[in-house]
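Input: structures, listed below.
Two complexes, one shared chain (subunit A), two partners (subunit B, subunit C).
Then we have the complex of A and B:
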């Protein structure tokens, strides 16, 4: 260890000074991005040999895509991300931190404090999550009538695509971004992520991705849903360019988040933090990071292939000219299936981290849980062809993928065993985070079991493309991941913000969300069985009452999310009641620090002495030795 | 945020940043390699399907000479940086500066050659599966190779600065030059290997 003293960053003031508006921040980034788009579009128009703004794909793609490329550069430059790399060209030495000072202003620009980045992530992803939720409400409103009267059929497809793509993009970033970036350094006993600037970049790319996707509505929409299938994507109007670019940005962001987390955990664990003591939630983030690094590049490659088909007229997905649309399917689902687990694995980690705290029992089967996480991660690369059962793949391949898909339920089952084993004969405290975790198991069971149905080729032959599939993945993603995420937010937000959330509102949110979630999505299994197709706004009149019921329930579900939003605003903006240091009486390392956690997390890097699950064990040692200094800087 | 001004926090271990570079560059190289594997997959997939018998149109013959020249630049750039990295063992010596500069210039030449090759081709991206894979593969190879160009330049530029600056948290930053070069090489070797695969598939196997 070196001994020189480390400067401690201290925020100067809480209100943004007006002069800072001229610096590198979200305001300048927005202005630069818009200006850059305009110039890029002009240049693209010249390259594409046309000069008018229009939304027809055949004429406008070069302009739109070059415009978006410029806008990305403008956005990054406006936030100040080019300053350091340009400095490096002139020999500026390596430096770790940037923008950590400035109170509330830090939240609107490049900041390398992982706790600030985590909160930026949380606000940004929740913002887009609510927009995507609003789209869901529009979709359900459309489905209250048999022939869809609110929107033209093409707009319905755009709505479905916007909703699905936004949800998946924001949920991929929405767990690992806020909770991963916040918790990983603290839980392993370090002060920062390995590459703090990259950490900040991933967050700002996510924000940009959200806005770029929304711009699809100005460019004629896109008809492909979140799956972007060729050749439709090759032929669609310019709105699809927004899909391609935004998904690409998320892909890059995911790879970089994953890289950062893997490196941080591998190289920066505090003394005594052996692999066997690593909190299970960190394992969840590590496995999901491995998936992100291995699968998102394939998505990026598939996206650039579509972009080149649309701009330089390559024929990768055009079967009349030596290409094949199935190439897209293979590449997309090679990413797309692991993507589902990119969402699920941190959810598994979160619930297994929270359960022991409220069951007051050690986590049952720690190593089994890790093997479950790795088993799922590994097998997620071996099942993707089940999405193509009906796409004309070689029939001899089907049994293998049917079998491998069924097998993946075994490591997933480990996670259930861990959960049940931990809760077995426990005196459970039914706090809000615990309720969300228990609901996770309930919902995920339906999602998982219906998945086993779908893995069966004969069943899939009937159910493919129906609302059964829709119900299945909402049960896994929303019922599983989103419930776990909300459990995590209720559990950790007091630590992240230093403020308490209102418990009565939180309970009301939980119960309404749990009930209306099930009332919305369970009937959709039935609708699917009765043959209601996805992505079509008209359906058989016999299903009308069922759909009206589902839509009504969905609106209540939407209202329950507003309770959550109101709780955040009321508790964090108006009431601002300080949270205790350890309100849950948890043994986790993060709860030994003050709330909110100080700038550099630890005054002395702690020595880890135990795993954090020694509940109810007489003589269990504390999780860490803080070297005689109270945990947290100057506490 | 509660912190005492001027308070002394203990430092992170000196080896942390070099280890971050080492692990980070390997993970990055893996991710980029997977990106390029998708093009390799596309090559074999489309070649096997040969839809409309149009995978390889008769006039689609990527010129081997250009391919060799580009690949040679990539490999020479890697070799020069490897030699420079060894020279760095004794600090930023003159031989490091020369070799670093050579590596950088030759890396830049690879990109320039790639751009020039496009103007000398007798086919376009529209001419079937092979032509499509050729363009998308080589174009993105050049883009990612530009990453190496940037990386080598920053190492080289940093070594020209004297005296080396110290950072409160990481101490003497000059000691990071060698780990930086190691990390850059990990990435460049991966790119070199990708370049060989691309050359064999696109120019030889076809």
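Then we have the complex of A and C:
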């Protein structure tokens, strides 16, 4: 059955016609951005001659920042984001879709198919994720000697800053970007996101942000790590401008992603998709979006304040002129703490979505899980001062923030209860996604428990700024979110690409990653308790053997990630074995569609009849009624 | 299939190679190490501190320079000392004007042989806290040497590095025991970074300017 009325035309050819090189795509966007940068830099250099800071310190921040502003506009224009609005001004008709034709070429352009955007997101964030991982390898290489000898001391800081900032930027975009954009429309039974053009914009802003951050290496690096503290950020060299602009881009992108997902879920749900049939992973994305929309603007404001300190001498963070460096800390962590839950909540959603499939039991405590997600989201705005226990805050505030931080482990505990309840007495199928989800609980337990230690003010007095903190957040972010993300990728990638991943390689990847992750980071709790400080390239000689061991394990961890990469390349480029429609035997709506899902998702918008968790329940009905048309019949 | 496999592996290898080389190249970038000249069991370091480096495209900041064994001035603060020596003798030609210390503690000489320095030939164990232009301070060695600035009304002030001894300067010399092999950070403690917040940005954070390493090997 050929469906002529569908709004999207099918991909025509697989190889991009050479002529398209000149059109609106990533190539012309790159060229335009670079040209615009030089143009803006020239303008900025002229303006910079008149500001005190730039002339007296021999800095060129005005030039760099105005250059970057121009580059952003050039990038967006080169990708063609202004074509539609300008066309509309001149009376061009409304178009529902843009850039969805042209086979593989779609992936290098503005495209409004949410499944294309999701794959773009996946490739882009994985790319930057591997660069940040490479930086981690350099960090560990430096720490194999007591007096870091590989890189000069100042460059070690840049390395740590690049690694941390890149990881956090890409991870905030790296789950909700690919999996959120892919799953939300399909799981709620619609054909697209509410704002498809904005969806594409968020993806391309993320790519730009990654490259802008890397440009810090050309501008003298930056000394602040991922936290950008004042007054260090005020006095640092121009490399910090790259940090400020790239983090700002991610902030904007996060707000837009969040709004898009919230609006989509609120307005585009298929008939019958009541709130209590909404899959838990969608709830994960919704709560994440709420956090993003409420917290990222505060980050953006703080970044703009630092930029104004560095260009027009506004001294907002300079205490000798009436400003306050503590103000940065407050603003940053008011964003920063919700940010760590922006990382965690989608992970919670993913594991709770996957567990029932392989436990062959309904999700235990669906409503408890939702209240857990909302509890964490809400409370994450009430704990941020636990990052500032040692920063000279009013001592009377400490007990409150200690208490609120310990309270947040209760809604987090709900998620654990859901997980354990679902697996309780289940006949578990130990597939690769399932293994990753179970490892998530194991690792996150260590991360969470060490967090309770750190929330305790007397303990934090000793552990603050040490490798204990470092081990703690790697256990939550890498052990938690990255494991959940990989579980999600192994689970959904066959649906997204229509191709199978190699099982043996995947198993090898899981076990090596799980073992070497723990061997890398567990000893670092000990290093921290013995007083090893963060962000310093030299340490006490007594810790040498421990660090050599950790570095060796970290290199194996790095190799394990290469297994994953090799699996992607081998399975998706060479083997190209078609995936079955529903290899996991899942009740989820997405698995009732063909692999890969056709461009328009649903032949006819389905009517949702049940939540997708009715495993082993005798009277369970299918999730959706496809209106007599077998799902994807024409594909 | 074979060809495609090789193609992908080759281009992937190339990509990784480029990224690795890029990072190593950028992040290893450091001023050249300058070796001390050795006389018997003493290593001789000869340094100067200048108000302005003064050569584009590098920032025009205050800076140290170090003299290599062939007598050329190098823009570097990475100082290499042979582990076999017993003493390090340092001579600093100071061409900058005074900024003054924020913490008078650093006006006292610490960690040198005899607890003294020679300021223009006169032994001193402390200086006026308002007089230093810079300090030569290595916390891990317990070493602190204040470097008094020249008179701000002096006639023939030096404009750009390297300065010549015909220009206004103070000569400070001192000796310390060669520490055991390792890398030791040294840092100027005077907030001398003109134009930066609190005088602490730019050159104060940059190796090759006011921040450096003593490498004993």
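Just so we're on the same page, the second predicted complex is superposed on the first by the 608 of 635 C-alpha atoms of A that agree within 3 Å, B and C clash if a C-alpha of one lies under 4 Å from a C-alpha of the other, contacts with A are read in each partner's own complex, and residues count from 1 in each chain.
Here is the rule we use: a residue touches a chain if its C-beta (ideal position, glycine included) is under 8 Å from a C-beta of that chain, and two chains touch if they have at least 3 such contacts.
Since the model is a prediction, treat every value here as computed from it, not as a measurement.
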Exercise for review: Could you look at A:107 and tell me whether it touches subunit B, subunit C, both or neither (first, second, both, neither)?
Suggested key: neither
Review point. So, does A:381 touch the first partner subunit B, the second partner subunit C, both, or neither?
Key: neither
Check your understanding: After lining up the shared chain so the two structures overlap, which partner does A:320 touch, if you call subunit B first and subunit C second: first, second, both or neither?
Key -> both
Check your understanding: Touching A:574, do we find subunit B (first), subunit C (second), both, or neither?
Key -> second
**Study point:** Touching partner for A:39 - first (subunit B), second (subunit C), both, neither
**Key:** neither
Review point. First (subunit B), second (subunit C), both or neither: which does A:223 touch?
Key: second
Practice item. Between subunit B and subunit C, point out the one touching more subunit A residues. Key: B
Check your understanding: Touching A:235 in the superposition: subunit B (first), subunit C (second), both, neither?
Key -> second
Check your understanding: Which of the two partners, first being subunit B and second being subunit C, lies in contact with A:134: first, second, both, or neither?
Key -> second
**Study point:** Partner chain in contact with A:155 - subunit B first, subunit C second, else both or neither
**Key:** second
Point to revise | Touching both subunit C and subunit B, counted on subunit A across the two superposed complexes | key: 320
Point to revise | In the complex, subunit B residues that touch subunit A | key: 1-14, 16-17, 19-20, 23-24, 27-28, 30-32, 34-39, 41-42, 45-46, 49-52, 54-57, 124-126, 128-133, 135-136, 139-140, 150, 153-154, 157-161, 164-165, 167-171, 173-174, 176, 180
Point to revise | subunit C contact footprint on subunit A (complex, rising order) | key: 52-53, 55-59, 131, 134-135, 138, 146-155, 158-159, 217-218, 220-221, 223, 231, 234-237, 318, 320, 538, 569, 573-574
Exercise for review: Please give the residue numbers of subunit C that touch subunit A in the complex, ascending.
Suggested key: 1, 4-5, 8, 12, 19-20, 22-23, 26-30, 59-61, 78, 182-183, 185, 193-198, 200-202, 205-207, 211, 213
Exercise for review: Please name which positions on subunit A make contact with subunit B in the complex.
Suggested key: 1-11, 85, 88-97, 190-191, 194-195, 255, 258-259, 262-263, 266-268, 293-294, 296-298, 300-302, 304-305, 308-309, 312-316, 319-324, 326-327, 330-331, 594, 596, 598-600, 602-605, 632-635
